[in-house]
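Shared between the two complexes below is chain A, which pairs with chain B and chain C, respectively.
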Partner chain A sequence: MRFAVTVEVTGLEGISDPEGQTIERVLPSLGFEGIGQVRVGKLVSFAMEAASRDEARRRAEELCRRLLANPVTEQAKVMVVPAGEA
Partner chain B sequence: MRFAVTVEVTGLEGISDPEGQTIERVLPSLGFEGIGQVRVGKLVSFAMEAASRDEARRRAEELCRRLLANPVTEQAKVMVVPAGEA
Partner chain C sequence: MSRLAVVVFPGSNCEHDVVSALERVGFQASLVWHQESTLGEVDGVILPGGFAHGDYLRPGAIARFSPVMGAVEEMAREGAPVVGICNGFQVLTEAGLLAGALRRNAGRRFICRPVTCEVRSTSSPLTAACRRGERLVLPINHNEGNFTCDEATARQLFQNEQVVLTYTENPNGSLGDIAGICNEARNVVGLMPHPERASDPLLGSADGLRLLASLATFLEAGRPAAARSSS
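This part shows the complex of A and B:
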């Protein structure tokens, strides 16, 4: 079966996020008020062939650990849906 | 009211994605087979004070146009939920 996998990689709580801080700092000069807690992460999507949704999730989580996210500074959230449903 | 806003910024169809291509190329050497169409985008989240959900969405979409996404190469998807519900 074919699955559509989406991985959200975001900084762990307490880890500095310079890109988010820069966006936040420039907002008032663009006329945007009342916006805070800006955080910037990475969104990775891909298609995966797997025997089941559980297998797809397991392999996607292993891929996060080995390549997509740095567990010291980042957390990864994996979403798996059958291809075509997203 | 306070809202939690999430923006997914991804490359438009047909726009080259070097980071995704690099991930895809390295996968077989890590033992991952059956994965394709890897795309890497940006995930921006923030808190926003606004009078209503509609206003929050409108301002977030304006922020995408003016700062977060390059409309020539990227598309932005905005999600707005009342703070605490996410």
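This part shows the complex of A and C:
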């Protein structure tokens, strides 16, 4: 089966995020009030062949550990859906 | 005469400067392409600065999987000097040969200027010929030089004197003003400043030669007897 995998990589809790803070600071001057905790990260998406959704998730999480996220500073969130489903 | 390998990744850009500076302090140095799986008959290895693999994903994240890294890890295990300069330092942290990680500079700007560093430990391949407390003027040239690690690691780095070099004025938000660290075995060292760019008074400083010349002192004093007799 073919799966669409999306990985969100963000800084670990407690690690400062100057880019998120800068965006947050400019929001009031644009008229956006009541927005906080802005975090900026990166998104990696790919298609994967796997026997099951569980296997796809396992392999994607392994890929995160080995390459996509640095565990010293980052955390990764993996989302897996069958290809073709939005 | 000692021989050193200087690894070239696609995107490295300081390798010729490193070779030239090493020759100035009496080494033979040869370039080794990252696809090689051996480093040849050398006494140590340098990972130079630049943007290995375009710094894509994170600096060093892809370079750590280059075939040559197996040989670099072997040198590290054997106790030979392994040095990472700037991007090379980033590669060594990503490879797990040095602790911590190098994040984006706190001010979110690329910084390119000379800074003053202080030698905090003389027990490393790059500081063996220096004096503790000695101040060196060295250029930095980086976007991700902001060293970070968890609290337990930071405590260990300072207690074991694995912090080799600190900034006298922190340019990038680096934890504990750290500019360079070594591993527990003290043969792997990484630093953000570029010693090869401070290798002639014409360049504004020749202080980098103090660090590179330390490699000879380290090799003479620190190489296991077995390795000495076989070379």
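Just so we're on the same page, the second predicted complex is superposed on the first by the 86 of 86 C-alpha atoms of A that agree within 3 Å, B and C clash if a C-alpha of one lies under 4 Å from a C-alpha of the other, contacts with A are read in each partner's own complex, and residues count from 1 in each chain.
Here is the rule we use: a contact is a pair of C-beta atoms (placed from the backbone, for glycine too) under 8 Å apart; a residue touches a chain by one contact, two chains touch by 3 or more.
This one's a predicted model, so the numbers in the text were calculated from it and none came from an experiment.
For chain A, the partner with contacts to more residues, out of chain B and chain C, is B. By the touch criterion defined above, A:L67 reaches both chain B and chain C. In the superposition on chain A, A:I23 makes contact with chain B only, while chain C stays out of contact range. Of the two partner chains placed by superposition, only chain B is touched by A:F46; chain C is not. Shared contact residues of chain A with chain B and chain C: 67-68. Remark: chain A residues 15-16, 18-19, 22, 67-68, 70, 72-73 touch chain C in the complex. Residues 57-58, 61-62, 65, 93-94, 100-101, 103-104, 106-108, 148-150 of chain C are the ones touching chain A in the complex. Across the complex, chain B meets chain A through its residues 8-10, 20, 23-24, 26-27, 30, 32-50, 59, 63, 66-68.
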